[in-house]
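Each of the next two complexes has chain A plus one more chain, namely chain B in the first and chain C in the second.
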Partner chain A sequence: MNIVVCVKQVPQEIRINKTKGTLIRDGIKGVINPCDKNAIELAVTLKEKHGGKITLVSMGPKDVENTLTHGLAMGADQAVLICDRVCAGADTLATAFALATVIKKLDDVQLVLCGKETADSGTQHVGPQVAHYLGIPQVTYVVNLLIEGSKIRAKRQLKDEYETVEAGLPALVTVVKGINEPRMPTYLDIYEASKKDTHKWCAEDLGLKEDEVGIQGSPTRITKVFAPEAKRECKMLRGSIEDISSSLANDLKSKGLV
Partner chain B sequence: MDFSYTKEQEVLKNVVREFCDKEVAPRAAEFDRTAEFDYSIIEKLSKQGLLGVIMPKEYGGMGGSHVDQAIICEEIGRDSLTAMVATNMAWYMAYECLVVGTEENKKRWIRYLFDGKKMGAHAGTEADAGTDAASVRTWAKLEGDEWVINGTKWFVSNLGKADFYFITLRTADSRYGGISTILVEKDTPGMTIGRRVDLISNRAISNGELIFENCRVPRENLIGRLNKGFLDMMVLYDVIRLYLAIGAVGIARGALEESLKFAQERRQFGKPVGEFQMIRAMLADMATEIDAARLMTYRALDMEEKGLRHTKETSMAKLYASEIADRVTYKAVQIHGGYGLTMEFPVQRYWRDARLCSIGEGTSEIQRLIIAAELLKSQNIVLDSALD
Partner chain C sequence: MKEMDRYRGVWVFAEWKDSQVIKGSLELLSLGRGLADELQVELSVLLMGDRLGGIPEELIYYGADVVYVIENPILERYTTSPYHRILCDLIRENKPEIVLFSTTHLGMDLAPRVACELKTGLSAHCVDLKMDKENRQLLQICPYFDYMATIVTDTRPQMATVQPGITSPPRRDDSRQGKTVRVEFKIEPGDIKIVEVEAKKEEDTEKIEEADVIVAVGRGLKDMRLAEELASVLGGVLGATQPITEAGLLQESRMIGQTGKIVQPKLYIACGISGAGQHIVGMQNSGTIVAINTDEKAPIFKVADYGIVGDVSKVIPALIESLKG
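The block that comes next holds the complex of A and B.
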């Protein structure tokens, strides 16, 4: 079974320039988005069981290659990096369109895996949008996934409950962090990974037009970015345990917190 | 000239960081407090193929480069210099055997010494033989097919934890030309552990006295050439010292990273202390010195890869890295103010641990003598007499 894992490189630590309200990327090392590591781990365990080929797909500057090498060291077979200046500034829709275009060019992809969200923007849009462009079913927030013949059986983590659903293959699945413990590549895995293929494709190679990618292909307009201000308030409750607990319960109720 | 890491080295650095975040960083303060290191880290490191990567594949290593090995040492040293020193003890002796051992030594010992579990230790120092390493008085005399060892070693790191000890001792009555190295396995009758010493620096590395009273080991336990042990030791030091240098860089980097975090969080006079020029000057000097020390160490490691002589460059790197580690960790405590003096912040531990670097594996003073001798091409008080 051929599996694609969508991977994003994110800054190792999330720091916001408080005056400009933008994410600081300069001088901060790029790493694999944490949830994407879980998606790669899932792909590798599925491959161990069902065979097939794992392709990592990403979009970004040239240095994303290092991040992809990490994914290859975890057990993926090849990587595709969409690397083109015209793709810069893409919103989630333009990103999903470009990723889906690559996936369509790959042979017989049965399963597309994504992390639930990214550490740097956290929209949770890209997975579902890729499924839309591919015209395949999507199952989000997955904590457990089984392949049963030509369909998948997935356990979804919802706010207060789990839901188990089935979908036909090909399908797209987004995974949550708790689904598994991503493996740490060994020294030899790292050196083996650098022998695997990482294909760099530009927009033209994919037949993408300028108005379909990057800023031009992005309908989203960001009007303001800001770091949420955390406010703390301290109130001392005094009296007997009964007084304290009833006053605490009333306070929480009046603030609509319970 | 290429100052950048390869693609593989970038990934290696990330993977070792991931390992350390999980296995080393959360335990480092505990090792220091309890003066006990958790040796299971060595097996885990070995399972990841990250232990002694410079050892050749035929001996169970990875055949990796010295820079790869240095990347691993720096990351571990960043969280705990103790962990770096301890994990290196699981491959140093095999490396020694590889560099100075005879073909028979290599066949007989390397695989045995380097199995990802066993720990080694080196016993050189004695009560009256430290920097003047050639003045050792522990003797080994050949009786039939056995060496009989008598004497007392002091400041033996990994004491009681090691599975085998490499003993620097006297095998002939010549100051420099009578030194050899003999391997003694733990629990060998005649070798006992004496007084233990309580350290302020790298507390979890067990240390103290090792006593030999008619301790008998087979003739084949002689490592390297008979009576050429002093020269062999100097050759080995040219490389081994660089790993302490990169450990010093690691610990200094840890001190800087903690200081950067603190300087941005701690507020005084209505703003983060990192906004004040005097703190900024300290941070800038710390970062600059760390960078210089790392580059000097890599330069010497690169010369080793290329088969060039680098005695001077090694001593320069070891001297500089050790001394900046001391300065940088001192400044880290200073930036932390009162918090720097509490056991709740790691910088006090970095400060204490860094103190080892300018004393262990050749003091800063002996490094300066070596550098000066190399510069002046004059008689090297140590090496030339050894060559007589």
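The block that comes next holds the complex of A and C.
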């Protein structure tokens, strides 16, 4: 049973070019999206039990290779990176289309795993959209997953309840952080990972047309980025800690909040 | 006539629980009503489920002009594919220009898949919606890291998921008139079977959104006991930022912000919270906000009424003393 894990590189720190409203990526280290580590951990434990091959699929600039190495060191077998300038600026729909195109080209994929959301944009869209492009069921917010023959049994973490569902394979599952504790690769794991394959594919290799990917393939666009307005006049309390505390306590008492 | 101009009308996808429309959906009716009036079109509500009783009339009382009702035992509990199928078919047939969802587990499972089939744009976690009336373009305002971004969609319908708690439900008016349209669908059970539903334990479902006082903890506070003590002196509850719940220091049900809860207590004390946009979205409408942080430039001070620049682990004990005194 072959498993695909969708992986995103996210910036370790957020800085924004205030005039252009774009993310500053230069000089900012990229790391693997935290929730994606849970998805990889799940893939590795499923492989230990059921066998098969784990492929990481990602899209982004060349340096995403370093991020994928982390996943390979955790136990994935190979990685595919969609790396092409025409893919830049993709929204969730264009991203999902490119990822699904890769997954369709891989052999006998029975399970696609994604983190519930990414730490940067956090839309939660890409999982269900990849599932739609692949024409397979999606099971979101999963906190426990079992494979039983040609079916999965998944426990979903919802607002006030847990819902256990069954779906036939192939299927796509998005996982929440509580599902497991991702392993930390050792130096040896990282060394071994450097010998594994990361295939870099461009849009043309995948038969992707320019108007299907990147900015052109994205129905949404950001027209403006702005700092949230200061909504309140903040009274800065200064002086010794004792003075500050007693004046704040008095104010809160006089407002009837205490 | 451009293809885009064939799309008219504002739609809201309504969710219900225990025979009641959920609060997030009522809030969508407020927003949707405003947009529909501005565009001079009808506000329609989509309602799916089984044994829906008086819910369609309620939706009219809360501002709907038209309620599309699809009632079927298969729809009693949400699963992706039948809901997805019906919604896509209805949108294709009726061509609304705007479709709004609440940011719930259901909304976030359904909306992306519908947008994908319709090849249209979807924004996430909107905290405000405005209208560019001339172009009939919905300005979707979402948190973007520590900033806000305006997102637009060049295709139709324009779809958005909206954060609960950003507006109030409309006033209920049981003299309002509207139209209920019952739509018959041949519905297949879908590819997902629900085998068990279990309620979460109480500790996992802490309803911090109902508390009058919240002491919220961020990365700047190392000792949770200090925050607990302050909360207990104030008769409040603990809240947290995402890094705190992710580190397992407090339960996820206490997370405040874009992916957590939207709260509006009378008093909110932010302890060691710098104020990432995703967190601010969840607390900015609180009554009185007190922020304690070592960094004078931290964005949390922009939304606070009282600011204290200092080490939160020293400020809290002093504050507890003053409150007791």
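Note that the second predicted complex is superposed on the first by the 212 of 258 C-alpha atoms of A that agree within 3 Å, B and C clash if a C-alpha of one lies under 4 Å from a C-alpha of the other, contacts with A are read in each partner's own complex, and residues count from 1 in each chain.
Note that in this section a residue touches a chain if its C-beta (ideal position, glycine included) is under 8 Å from a C-beta of that chain, and two chains touch if they have at least 3 such contacts.
Predicted model, so just to flag it, every value in this text is computed and none were measured.
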> Is A:K224 contacted by the first partner chain B, the second partner chain C, both or neither?
Replying inline: second
>> Looking at A:H125, would you say it contacts chain B, chain C, both, or neither? Reply first, second, both or neither.
In response: second
>> Which partner chains sit in contact with A:L56 here, chain B, chain C, both or neither? Use first/second/both/neither.
In response: neither
>> Between chain B and chain C, which one contacts more residues of chain A in the superposed model?
In response: C
> Touching A:A94, do we find chain B (first), chain C (second), both, or neither?
Replying inline: neither
> Between chain B (first) and chain C (second), which does A:L145 come into contact with in this model arrangement: first, second, both, or neither?
Replying inline: neither
> A:N66 contacts which: chain B (first), chain C (second), both, neither?
Replying inline: first
>> Quick check on my understanding: which residues of chain A belong to both its chain B contact set and its chain C contact set?
In response: none
> Considering the complex alone, what residue numbers of chain A touch chain C?
Replying inline: 14, 16, 21, 23, 34, 91-93, 96, 117, 120-129, 131-133, 137-141, 153, 156, 158-168, 177-178, 218-238, 241-242, 244-246, 248-252, 255, 257-258
>> If we count contacts the way the header does, which residues on chain A are in touch with chain B in the complex?
In response: 29, 31, 65-66, 69-70, 73, 184-191, 193-194
>> Can you tell me which positions in chain C touch chain A when the two form their complex?
In response: 79-81, 104-105, 108-109, 111-113, 115-117, 119-125, 139, 144-155, 190-200, 205, 213, 234, 246, 252, 258-259, 266-267, 277-278, 280, 284, 287-291, 299, 301-310, 314-315, 318-319, 321-323, 325
> Quick one: in the complex, what on chain B touches chain A?
Replying inline: 7-8, 10-12, 14-15, 18-19, 47-50, 53, 62, 64, 68
